[in-house]
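Chain IDs A, B and C follow the sequence of writing; residue 1 opens each chain.
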């Protein structure tokens, strides 16, 4: 039974550095052979810590960076191969929401100009209709259209993030990549934004790729999740199962490290946390990248990079233990 | 409200209806970027004073020459080298005389206005004396090594002397009798013209060059910046001199020469700004939406770098003015008789011992203008700095 | 036994005087801290939690002023201290760790030198050699491996977690009686955060210092603190022991915060609970309870008058009209 995939990422690699004829920089393998698929209408979660490459994956998918190799297949077309001009119609259908609500809106533009900018790029409607479209978009994210003449600095973090979302949905896209959209927001506002993203998904039949480091939030919003570590995927599985029965030692350690808002449970927790530092992507360990911190490390881990293998239905792990 | 005995309060326990809770609000006062900049700038007293000075200089330069009633090239050789403050001597019978260093004597009014020359009656060269006669009285002009003395019949200095402002030529005359004031004001026109034209062209060339270099980055940027650095290695004055020798003297030529050499710093500045802004998320958002590079540079990158661009442009004006003055001073700038402050300085330096005002006046003008633009530039830099926002 | 508190804050009011007006960051805050306690200060951005703690050591931006109140450290009034006494307070008695280790450390000076600088700031007699030895011991105390090697490194050569450990080393260098940690783990990854929290617990055992831990993360508080203060809109909403705050929650804001955190164990796709609205503007704070615009149990009295603190136990108090014994009808809401 072939599932209808909206977007398939295959063997994506993105390396930085190297070239430049006068200054050779060290090669940073930010994304090193990553593959996953997202079905239409699904929310796919991507988690990992700093340096894991999740933001790079996001930006490469949307062609802000050009991939070093690999493909990004959107509804049958490999958009990684397209030229800038051919890419433009796809830019209308794939949008992105960024992390920092204070930096993702041009401080010199009014809200109206910011939200209507995608309309100008794609000539979706005549200029006279802009105001109406912007008002509609703002209402959909819970903001008053009367505010469209204001500047970003007059709004709070949560409101600015909603303006970003209004900008993203104005072209009626199919797929939205959310790159840590709530990390910079307060706890009580995070829930508001997540709720809104979900109701928009129902209304507009959107597909999301949700990237974050807050595991609880990602699990809540996504049906399926992937865990990344220093440029590679270590585990992919339905969210439910990932929490209930994580297989990869890194995932297990990650789950254990989340502070739990319950004193009794918190005090009963194992004192074992993952020791050591996260390796830098410019100098990753050979073989399995987690081997320097893994409590179950073996000799083979140093030699061979483990590949993703399906252990239980739909649950993939990249580890020599399996 | 804490601390009030709560038993004394009348407490209404009814639940609060939804409408009475706040809707989505926004913060504080709506101030656009420029309004905020203006407010901060006007708090800086020195900057405000500088703006005032600049406006005065502009008005004086534009309208002044029309109001003095004199032209910049009309010569009155008889009254050459006449300083702004002159000494009027009054004889016993009330006649006012003005003694000119060229060994001439003029009749004057009480208020200091010099009328006509009094021709000498005779000359006694062995005694180094000229003899004058007026209204029946004899006067002697002695020019011996003791100094220039004007004596009456009894060989005594005249009883009354006073120093007044020159009423014929408010700021005196130069070495061939041209009005210093008019020439100074005309010179102001040249200097301000240089200032603005050069600044505008610097901004245009520098912004476009730096914008492209910064936006595209990579090898394009490396190449373009190497060109700038190589050009910068040689002092710009040498380029200017070479260009002026080739083009010849003249206002337009000096403008071209200065414009072609002053954009380098601005290009580097803009490139730096663009490089920094390029990675900001709002630029990435615009890219991901599909905005063309040209529109991104125009609508996002430039408006957000305009602060340092304006500051740099303002602070480069004094340099341009000094550059033109220097070029004119060494004879490679504006062509005489058209005056510029540099030309006035050039002419004035020869008379620095005898008529120091001739160099003092253009020097003060140049300094004042440069100071004013410098302080204004500093004030703008502070006003435009987002970190200093309170 | 009545122990004199190490830190007593009474009716503190701190405001920032800006172009737009007076921003009342801290409005009438009072709390105590005894020796050896770890107390958590929970609040969101703009709640006043950082300003409150910076006021304690009078480290405010120039537009900020302590408008009213009393701060007693070890019995001495901080607000009346001379510059010299204040410097001694900051050097010898109180250590601070901020959120961003990269901006707290000088990027052009080696780590060891910065620690030595700190040591010699409060102990003028100590020699350079001795200070370096102490610096090495401090790095070991914060569990940095190869301490001697790391003394020679520059801050940019260290990872975020390591830098934060160095900040801790600097903070405990003078054997302080009070440590103020302002969101020390917010900028760190989850696994590193867990290491740092463990470090904090160990430090408390080893050094006997009192710790104020400022954070917005209830999980962090649950793991490390014994007492908690919840701040909102510049005022303390609730204060109590950790068990009381989590299991006998008495304030609607705290309840809302707890509910906003998605439960990892729960199955199902209900909407996340979210507290509607946004934090109040401190330029023009509401005259009643600061939380009423977002509270689903708000009453008219909440708009009119700011509630007093009601004691639910000797250690647990909350500012809410729902706890007033005069309130008609249902028993007080607790712990949901």
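Simple rule for what comes next: a residue touches a chain if its C-beta (ideal position, glycine included) is under 8 Å from a C-beta of that chain, and two chains touch if they have at least 3 such contacts.
Everything numeric here is computed off the predicted structure, so don't read it as measured data.
Peer 1: With centres defined as the mean of C-alpha atoms, identify the chain lying farthest from chain A.
Peer 2: If we average the C-alpha coordinates per chain, B ends up farthest from chain A.
Peer 1: Looking at chain pairs A-C and A-B, which one is connected by more C-beta pairs in contact?
Peer 2: Answer by contact count: A-C.
Peer 1: Nearest whole angstrom, what separates the Cα centre of chain A from the Cα centre of chain B?
Peer 2: Result: the chain centres lie 56 Å from each other.
Peer 1: Centroid from C-alpha atoms only, then distance chain A to chain C, rounded to Å. What do you get?
Peer 2: The separation of the two C-alpha centroids amounts to 31 Å.
Peer 1: Send over the residues of chain C in touch with two or more other chains.
Peer 2: In chain C, the residues touching two or more other chains are 278.
Peer 1: Name the residues of chain A that each touch 2 or more other chains.
Peer 2: 156, 159
Peer 1: Among the residues of chain B, which are close enough to touch at least two other chains?
Peer 2: Within chain B, residues 24, 27-28 contact more than one other chain.
Peer 1: Once bound in the complex, which stretches of chain B touch chain A?
Peer 2: My answer: residues 23-24, 26-28, 30, 32-33, 218-219, 222, 280-282, 284-292, 295, 299-300, 303-304.
Peer 1: Considering the complex alone, what residue numbers of chain A touch chain C?
Peer 2: 49-50, 156-159, 186-192, 194-195, 198, 213, 215-217, 219-220, 240, 243, 253-254, 256-264, 266-267, 269, 271, 273-275, 277-278
Peer 1: Spell out the part of chain C that touches chain B in their complex, as residue ranges.
Peer 2: My answer: residues 18-21, 28, 63, 277-278, 280-281, 283, 287-288, 292-294, 297-309, 319, 321, 324, 326-329.
Peer 1: For chain C, which residues are in contact with chain A within the complex?
Peer 2: The touching residues are 44-45, 159-162, 189-195, 197-198, 216-223, 242-243, 246, 256-258, 260-265, 267, 271-276, 278-279.
Peer 1: Contact residues on chain B for chain C in the complex?
Peer 2: Against chain C, the touching part of chain B is residues 1-4, 6, 9, 11-16, 20-22, 24-25, 27-29, 39, 390.
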